[in-house]
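These notes open a run of structures that come right after.
In the two complexes below, chain A is the common chain; its partner is chain B in one and chain C in the other.
Here is the complex of A and B:
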C-alpha cells in the first residue's frame, strides 16, 4: 500500500519534469551524444550522411593541427589572465561600492552599463580606442604617443598587443555581472557579524579576510566556475575584435576553431569539429572538477 | 567597572520626510551603574532599551550626553577601544568558524604588548568555554549546536577577553521556556563568578526581575523607574511601571476617594487617609485579594482556575479596566469558592491587602501615596 502510493507520487514528479527533460534531451543530450559519435567517424559528410571508417584519426588530426594548438594556447592564456583578474577587480569595485553611501546607486548603474550595452556598440568603442586606420591612430596610441612612447597596432600588430586587447575587452565585458553578484552578496552578509567583530577590535583587513571573504565565498566560487566556462567558450568577442579570419590573425579560440571546421573558409569537416568540441568538453569538465574539489575545502556554505 | 550615563540622548532623523521632528529613541538617560552588578534594562519593544545598549557599546553615537566607564569618558571612543563584551540577540556567531575559533577570535585581535602566544590564547579560550560549560563542543560549527549552546558560545566569546562591561541584547529571547529559565540562572552564576558589570536588555519583566540586582524600566525612550526589582514591584512610581511588572498583571479599577474611604463602584473597599477627595485609578496586585464572605469588595464570579499550589479566581467588575479581574488565592480557600460558585449570578467577595493596593492620579497616572486607617 505504502509502496504503491510512493510510486504514484513519484510518477507525478516525473510528469512535472517531463517538459524540461524532453527539451533538454532533444536539444542538449542528443546533440552531445551525436557529437561524441561523429568525433569517431572519419570523414563524415553531413550531406550524404556517409563516413569512411571509425577510429581515433579525427583526434590525432586535430591535436596535430598547428591552428588548433594555437587556438588552445590562445584560449588558455585568455582564461588564465581574465578569470582571476576580472573576479579580483570586480571584488575590489564591489567592496568600494559597498562602503560608500552617497551616489552608490549612480555608481552601481554606471558599472552595470556595459552589461546592457549592445555588443556592436562596444565593438565600435574598442575600435576607436585601439584600431589604427588610414584616418586615425586610435585613442590609446595617441595617448602612448603623448607620453612619448611608440604606438602599436593593437588589432593587426604583434601577438601580445592583440592578446592585451582581447583580455582587456573580456575583463571589461564580464565585469558588470560579477560586480552585480558580489555587491548583492556583500549586502547579504548580516551586519551583526561586523558589529561583533568591531566590538572585539578586529582590524579592517582581518574583518575582510576572516569574515567578509568566507561569507561571500560561495558567490566568488560561482563566479570563478562560470568565468572559467565562459572564457573557455570565448568566440564572439574575438570575432568582434579581429574579424572572421581568426586563424590568419593567429587569434583563434577553440570554439572559433570548431566553427571554422564546420562553416569557415576551411570548413566542411564535421568530424574534426566534433573531435575539437569533445576535447574542449573534456578540458572544461576537468577544470570544473578541480574547482569543485578545491571548493569543498575552502568554501563555507 | 562602574558605568555612568549622563543626560544620554539619542535622536534619529525621522524616516517620514514630511515630519521634521526627530525620533527620540533615548531621552535624557541618567544612571550610575555600580561596579559588578547585573542590571536589567526593561521595557516594551521600541522603548529605546536596545539603543541604550548600543550607545554604551559605542556602535551608536549619542546625540547628547556623556558615557563614563569608571572615571574615563568613553563617549567618543569607538567600540573596539571601550573594552566591552557584547552578546547579540541572534548571537552573531561566525558560521564558518568552529566554536573554538569563534572564542579565539577576539583574542587574536590583540596587538603589541597585549599580544598573546598561541598557548595562552588557547588556555583562555578553554577557560571561558569551561565557565559556560561548552568545553566539550569546541570543534563544532555553530549550526551544529542547539540554541542554548549557541547562546553559551556567544557569552564565552564576549567574556574571553575579560571585558570591563558585558552587554547582553535580549539574550534569552531565542530560547524555549525551559531553557530560558536555565540560561538565566547561568547568566546570573557567570556574572557572580566573573564580577563583571553586566547590562542586559529584555522585554520580559519576569526575566529581569528574577536575576537583576537593579532594573531600569523604560518606555518611549524615557526612564520611568530605577531600583531593586522587589522595590520597584512593591512601590511603582506610576501606572505604567505597575502594569508592566508582575504576572498576572495588576488589576486596574476606576475609584473614588470619598469621606476618607476608597470606593470602587458602590463598595467602600478601604479606609484611607492622607488623600484629598478625588477620582483615582486603583491598582490591585493579584495577590492583594483575600476571599471573605463578609468582604467589602464584591465582584461577579466568572470562573476558578486551579494552578496547583494556588488558585486563580477570575471575576468581573464594571469598574475594572482590565477585561477580567485575576486574583491569586492560596489553595486553602478553594472550598469556599466552590460552594459559592453554585448560584447563577454568583458573587465573590474580597478583602484587600492594603500594601498591594496602589492609587494613581487620573491625569498624570503618577502614584498617589495614602495611609490606611
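Here is the complex of A and C:
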C-alpha cells in the first residue's frame, strides 16, 4: 500500500517534469551528442545523409582553412580589445554614477538603452555613421575632418578601420549590462567601512584601492568571465555592420564561420561546422578555466 | 589668528577640489550619454529627411527644417515591414507563453514534489546550463530541416521554449513559499495543479514578470536561429527583415526609409523599457547577459 502510493507520487513528479525533459532532450541533449558525432564523420553529405568514414579530417580541414584562421584572428583581436576596455570604462562610469545624486536616475536610464535595442537595427545606424560613400562623407569622417584628420571608409576600407568600428559597436552594446552590475555592486558595499576610513582620514584614492575595489572584485571578475564568453561568440553585431558575407569583408568571426559552413552560399557542411563549434567551445572552456585559476589567487570574497 | 586663516584656506581648497571632481564626473557621464543617445538621434533625424534631401547632403546636416513622414509610408508599403512585425509578435508571444508553462511545471516539480531521481535530475538540468547555444544549433538546424519544419512557426518556436536558467530561478522562488500553505491546501483537498495555479503562481508573480520581460527582449532581438530556419520572406522576424531590407530592400540605397524601418523596429522595446524600467533593470541584474 505504502509502496504503491510512493510510486504514484513519483509518477506525478515526472509528469510535471515531462515537457521540460522532452524539449531539453530533443533540442539540447541529443544535439550535444550529435555534434560530436558529426564532427568525426568524414565527407558527410547532407542530401543523402551518408559519409565515408570516421576520423579527425574535419578538424584538420577547419584548422587549415584560411577563412577559419582569419576568423580566429578577428575574434581574438575583438576579445582582447573589448573586454578590458569595456570593463574599465564601465567601472569609471559606475564610480561616477555612484558619487553623484542629482540626475543619477536619468543617466542610469540613458546608459541602459542599448540593452533594449535590436542589435541588427542599431548596427545599421552605426554603419551609416561610419560609412563613406561617393555621395556622402558620413558623420564620423566629418568629425575627423574638423579635427584636421584624413577621412577613411570604416565599413569597406582598411582592416584596422573596420576592426575599430566593430570594437566600438561591441563596447556600445555590452556597456549597459556592465554598468548595471557594477553600480549595484558599488551600492552594496557596506557604508560602515567608508565611515571608519573617513574617521581615520584616509585619502579617497586609498579608500578606493583598499576598500571599494576589493569589495566589488568578485563582480568585476564575473563581468570579465561573461565578457570573454560573450565576445568569443560575437556574430550578430558583425553582421549588422558588414552584412552577411563576412568572409568577403574579411571580418568573419568563429561563430560566423560555423554558420557559414552550415547555411547559405558556402553552406551544407555540418561536419565542418561541428568541428569549428567544438574548437570554439574548447577555446572558451580553456580561457574560462584560466580566468577561474587567476581569480582564486587574486579575489577577496 | 593665523591658524584661523589657514583653516579657511584649507576648507576653500577642499571645496574647489570637490567642485573640480564633480565637474569631471559630470563631463564624463555626459560624454557617455551623448555616445549612447547619438545613434538614436541620428536614426530618427535621418528617418524624417526626404530621400532627395538626404542624398544631396555630401556633408551630413545635424538637423532638418522640412521633416517628412514619407519614409515611414515607404517602409510599410515598399517592403513587408508590417508582416515582419506581426511575425515577431506571434513568435514572441507564443514562445514566451509556452516557455512559462514548461518552466512553471518543471520548477514546481523540483521545488514542491517528491519523486525518485529528483536530485540526479536536478544536477543534470544544472549542468545543461553550461552548454552554449552554438554547440547545439547545428543539429537543431538539421533536425528541423529533416522534420520539414523550415519556414514554419513551429520550427522557429519549439527549440527555444525551455530555459534551464529560468527553471532554476523560479524553483528558488517557489521554495521560499512556506510549506504550511501546501499542507493546509492538502487538508482542504486542493489538487497539486490547483495549488500551483492558485497559490504559487500568484505569490511568485514578480519573478514570473521578470522572466517574461527578459524572454520578450530575447525574442524580439533573436537573429541567428530565425535566419537559419527561414528563407521565405513570409516568416521573417524583424532582425532578418531589416537585414533583408538592407541587402535588397527599397531598390536603390534608400537610407532614410531604412532608418524609418529601424525606428519602427526599435520603438516597441524602448517603450516597454520606459514603462517597466525598474523591473527590467532589476531582472537583468538578476539573470541577464548580453554581448
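By our rule, the second predicted complex is superposed on the first by the 267 of 301 C-alpha atoms of A that agree within 3 Å, B and C clash if a C-alpha of one lies under 4 Å from a C-alpha of the other, contacts with A are read in each partner's own complex, and residues count from 1 in each chain.
Keep this in mind: a residue touches a chain if its C-beta (ideal position, glycine included) is under 8 Å from a C-beta of that chain, and two chains touch if they have at least 3 such contacts.
Because the structure is predicted, anything quoted here is derived from the model rather than measured.
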* In the superposed arrangement, which partner chain does A:211 touch: chain B (first), chain C (second), both, or neither? -> first
* Partner chain in contact with A:243 - chain B first, chain C second, else both or neither -> second
* Looking at the overlay, does A:163 come into contact with chain B only (first), chain C only (second), both, or neither? -> neither
* Name the contact category of A:195: first (chain B only), second (chain C only), both, or neither. => first
* **More chain A residues in contact [chain B versus chain C]** => C
* Asked: If you stack the two complexes on chain A, which partner ends up touching A:203: first (chain B), second (chain C), both, or neither?
  -> first
* To do: Spell out the part of chain B that touches chain A in their complex, as residue ranges.
  => 57-59, 78-81, 84-86, 88, 90, 92, 94-97, 105-106, 108-110, 157, 161
* Touch list for chain A against partner chain B, complex -> 190, 192-193, 195-203, 206, 210-211, 214-215, 300
* Hey, which residues of chain C end up touching chain A in the complex? -> 21-22, 25-26, 28-29, 32-33, 35-37, 39-40, 42-43, 46, 55, 57-60, 101-103, 105-106, 108-110, 113-118, 121, 125, 128, 131-132, 134-143, 158-159, 161-162, 164, 167, 192, 217, 220-221, 223-224, 227-228, 238-239, 242-243, 246-247, 255, 258-259, 261-262, 265-266, 269-270, 272-274, 277, 280-281, 284-285, 288-291
* List of chain A residues in touch with chain C within their complex -> 6, 9-14, 16-17, 19-20, 23-24, 26-32, 34-35, 38, 46, 89, 92-93, 96-97, 99-100, 107-122, 124-126, 128-129, 135-139, 142, 170, 172-177, 180-181, 184, 226-227, 229-231, 233, 235-236, 239, 243-244, 255, 258-259, 262-263, 270, 273-274, 277-278, 280-281, 284
